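Just dropping this structure here.
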């Protein structure tokens, strides 16, 4: 197999390398996978309006997110169980992210502890949080993340119940026994989470995460951490406003990669209303879902996003070539974004605005 | 064959188990089946706008329809000849419906008499009415339904003539001789209805049902029964208003599953105008047609329906596993609806409104 | 082969029975055949809004066109060279049309003379006119048509040049030598028209019909005939108004079945603007192009057409079973239209109006 | 292989005749080739509104571009390396263009020097310019073009960086060693441009053309030439206005055949806004991208273009039959345009306006 030249080829190669149930776990969306497909299709419904005769000898993707400078707005979205793709799990991912100069959001459901990942990582880290039913468990986790140098907490809000992913059900996916819920080594009950078997999809009533979180819970979160809080899973103007009011430093427009609720808006469909709602706010906007090309990223930036997060593609890179694959996936996207900016006459992120895009189709 | 995990898999299994002409009778729509397909496609043209950080530890689908409490708004639409799918016919269906805690609308064209079904049923029952040319026949039927404990009459209005279903014509479908029109045992002429043969599709002039019904006929119906009247087959605001004026307790937005007129509006397309027309009325709104997922049901509820009726899926369940299959089909839908509500931040039906949906596509 | 039950099946059977080049001549459109396909697709973009509880024991498709009563608005569009499909050519077609109680528009390019057709026909006849370069030839033809009892002249205006039909070019279609331009037996030069060979598509400069017709030519036509004039090939409001002003008794909204210019509006797309333009005029509106179902016809009636013309389907009927096939094709359409009317609560043509249709798709 | 009857058939034959990597170089677009496909699809989204009963015995496509009369507005867009398709390269192309009475835009990246092409050409020539980093190189080139009789300079602005064409990357396309950058024989460094190998796609930092051009560069260009300047690559109203202000005699609405940035507007989508922006300007508007039929050209003319440029089709003609193929491709398009004009009642270019087109789909 020759070296993949784009993210689609990374996907193809990863799917031949991974075990069947892991493929299903990675690739699948919930129910009929309408949203999974629609996330990608939305990008074809937006057209770039490039401008020319702009000096693009130097094109910089540099940005500042939550006050910290970054070379590129292409970041890594949180995903669970990297141990499925590589023996070193999230530690290996972290090495690749560092190599590419990007930022890594580590999932609560990592197969390496947050401290192990931090030790391996020479890149900025954010910690993604699912809130445990027993809040003291989460409070300990947050304290550990702060201690380990994580720079922000990303609270995922679109998983009060687990989505019904039927590919996983069909192939009987479960987390293999050699992989542990590394962040919960002190919580024996958590170790059986999502093991294969009849209870492969957890009973919502008995799920280990709290389906009772409300906007008031953000106040609790702010009381137990001084880290900036990013709220992941915003799909409406209404929730965007509530997030800003609750003091979120940023929101992620996300539908969890089509894995939670089938039939929702795609993230690109949701972005304009979120951007309008937060236009006068200091709250930053990130987006994930179906972004596979630099031009996709550019469209999202034009519609109001400040950063782009990659979910599955990072796992494909990890499966194909470990940290080198992760770095390559990120670098490909950074270069595609940079090239698309150059070719649209936008030498830096500040020069990108909504006039760069329009809906597809004849307008006359 | 492993246990189906969703309604599509029930369909596939049913189609392998049933005889060819029965498959054609169940699955087919009229003429080019544009409406049959479009019913399903419409749901992809509506997107959910989920809200988060709402307490969804408890999610209730409980509702009150025609004044009676029900655990879920997922109901069973009337369909003819359950004897084609199971030896016990509608009695077996009734057992499954009871097991799932749902409500069963029994067709005039049942292969078990309404009394037999009522005896087998531990669930609420409605009786679907096609009006016989000789009104006294229908009056007897209504009196029997009242006596047997049926709680409402559902008058189907979209079948003044029978639709032209070409799959049936091609495979020569006819009701087999061992199945009787059980509700018409006292009407010998009715026994030959839809038997196989050259007259497989009845001549409209000689059809046993009355093509001359008008809105005035509702007055007759109200004069012969005290049961609430549900009018099934509404596709326009105009007819919705007439139904409410005629004293209907509810309407069903239905195109008969694409079996009567090809090229009509889909039921989801018709729902908003019906909901607007009846906004200030006490008349309830139900819908059927192409609903195969909890998220479909949720979209219909958001656009103004108070209940969702399943047609074909119930027959698939009956064919695959008798009452257990019926119960499973209904339970799958109830759970999918509940899960979709949880994931959209709507812990009960009252919290569902039009802000939960928008058309698909970029809006900017 | 079993008896076709709809027009699609007639098409399939005809295509297996006819010779290859004839299939290409019948089925083909010009260039990329975008319009050929789009004509049919347009009908899927319009939805019926049926009304119910209307007395439809009697449903009449009776109409009056150009002052003459007809049982049905389903008519036969003009098409050339019926001798390709049946040895008796247009005479055989005429017998089928009469059997179905319809009306036959005979083409200038018939393979039987207009007098032979009139002798065979017990149905009303219209004569379709292409104007010969030498006007005296056309004047003789018109006089003969009047003498033979034709009731109207239909001037086809969308063929100033012949469209480029590439299927015909590829298969080398030409009118076989045993078939004559029967209406031009007195015009030797006309006999070689569209014979096979290198000049299969006539050079526009040397074509036998007049590319120089203008709206003033209608005055000439009116001066040489007292028959009502129907103008065929209207696709814009502008030309509709000019036709009415020129004294046309009717227009046919037609794009020649996609055979003349690829990329034009479909006839259903053009119909609303033509109907609006002629709303206050006595000029009647007919339509052809891609009409294959009664529901298509009904949509066209709702959007303003008074009659529906079938082109290719009549040829399929002729090829499959001679006059019986023609009659069956027409009868199928008449019955489908009647059934669709019944099922939409429109017991007669007068009850059909624009409220019966809406565009497809969610409107909210 | 029989003689192609349309441009699609030229494409098919060319693809069987050319070497694999050349096919990829010719046919490919950048990245996912969304724009490559969309360029063609846009033409299906516009419908012609033909008018009839207009005298079309004579139909003239004659036009005046930049003050010079031409028989047809169908021109040849610049493309690189004709030596890949024919041993005589651009000289052979020029002979075909002359034969068809068209105009040839010679690329900076020709495999024959601009003087050699001018010597072979009996047609009007324009010279397409990519600006070399060392401006004196370009100044020499411009002076040579003037001296050789080129009538205009076309500055291509949509290639500040080279687009990422993945088909080329996969097949390892590079300019073969027997072909030279003929216009740069005096610039040894230029000779290695786009040779096959690891650096097949040039590093933007080390590219031989200047990524630092701005609108001010047009002033430089005007200072070194008296030829009219055409700016190629305009996709927005904003850039169109800037071009006119900078003194451009014409703009080409072009996305470089989908080879530079994937996801841009198609050229037909961009045309209306450019036409509106330049409505009061003397600046002419040309268009290229996906034009394969006379009806495509006609739609573009109706939406505001004054000339149509063909890119790939000319290369197909060259590959299939040398100058005769080039001439035939152009002649086919000229005739198709003429026929479409005749069939739409537009006997000359002046009679074409926006009323000739509308978007596809039902409008009611």
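Think of it as A, B, C and D in the order they're written, each chain with its own count starting at 1.
Simple rule for what comes next: contacts are C-beta pairs under 8 Å (C-beta built on N, C-alpha and C of every residue); 3 or more make two chains touch, one makes a residue touch a chain.
Chain labels with UniProt names: A, B, C, D = 2-hydroxy-acid oxidase.
Please read all numbers here as calculations on a predicted model, not as lab measurements.
Asker: Using the touch definition up top, find the fewest steps from subunit A to subunit C.
Answerer: Contact-graph shortest path, subunit A to subunit C, evaluates to 2.
Asker: Report same or different for the subunit A and subunit D interface, where same means the shared residue numbers exceed half of all residue numbers found there.
Answerer: Copies use mostly different positions to touch.
Asker: Using CA atom averages as chain centres, what separation in Å is found between subunit B and subunit C?
Answerer: Spacing between the chain centres: roughly 42 Å.
Asker: Measuring centre to centre with CA averages, how many angstrom lie between subunit B and subunit D?
Answerer: Distance between chain centres, rounded to whole Å: 59 Å.
Asker: Going through subunit D residue by residue, note those that touch at least 2 other chains and give them in order.
Answerer: 46
Asker: Within the complex, which stretch of subunit C touches subunit B?
Answerer: Touch residues, subunit C against subunit B: 5-6, 8, 43-44, 46-57, 293, 295-296, 298-299, 336, 339-340, 342-345, 355, 358, 360-364.
Asker: Quick one: in the complex, what on subunit D touches subunit A?
Answerer: Residues of subunit D touching subunit A: 31-32, 34, 38, 42, 45-46, 157-158, 160-161, 163-164, 166, 169-170, 204-205, 211-215, 217-218, 233-236, 238-239, 242, 260-266, 268-270, 272-273, 303, 354, 359.
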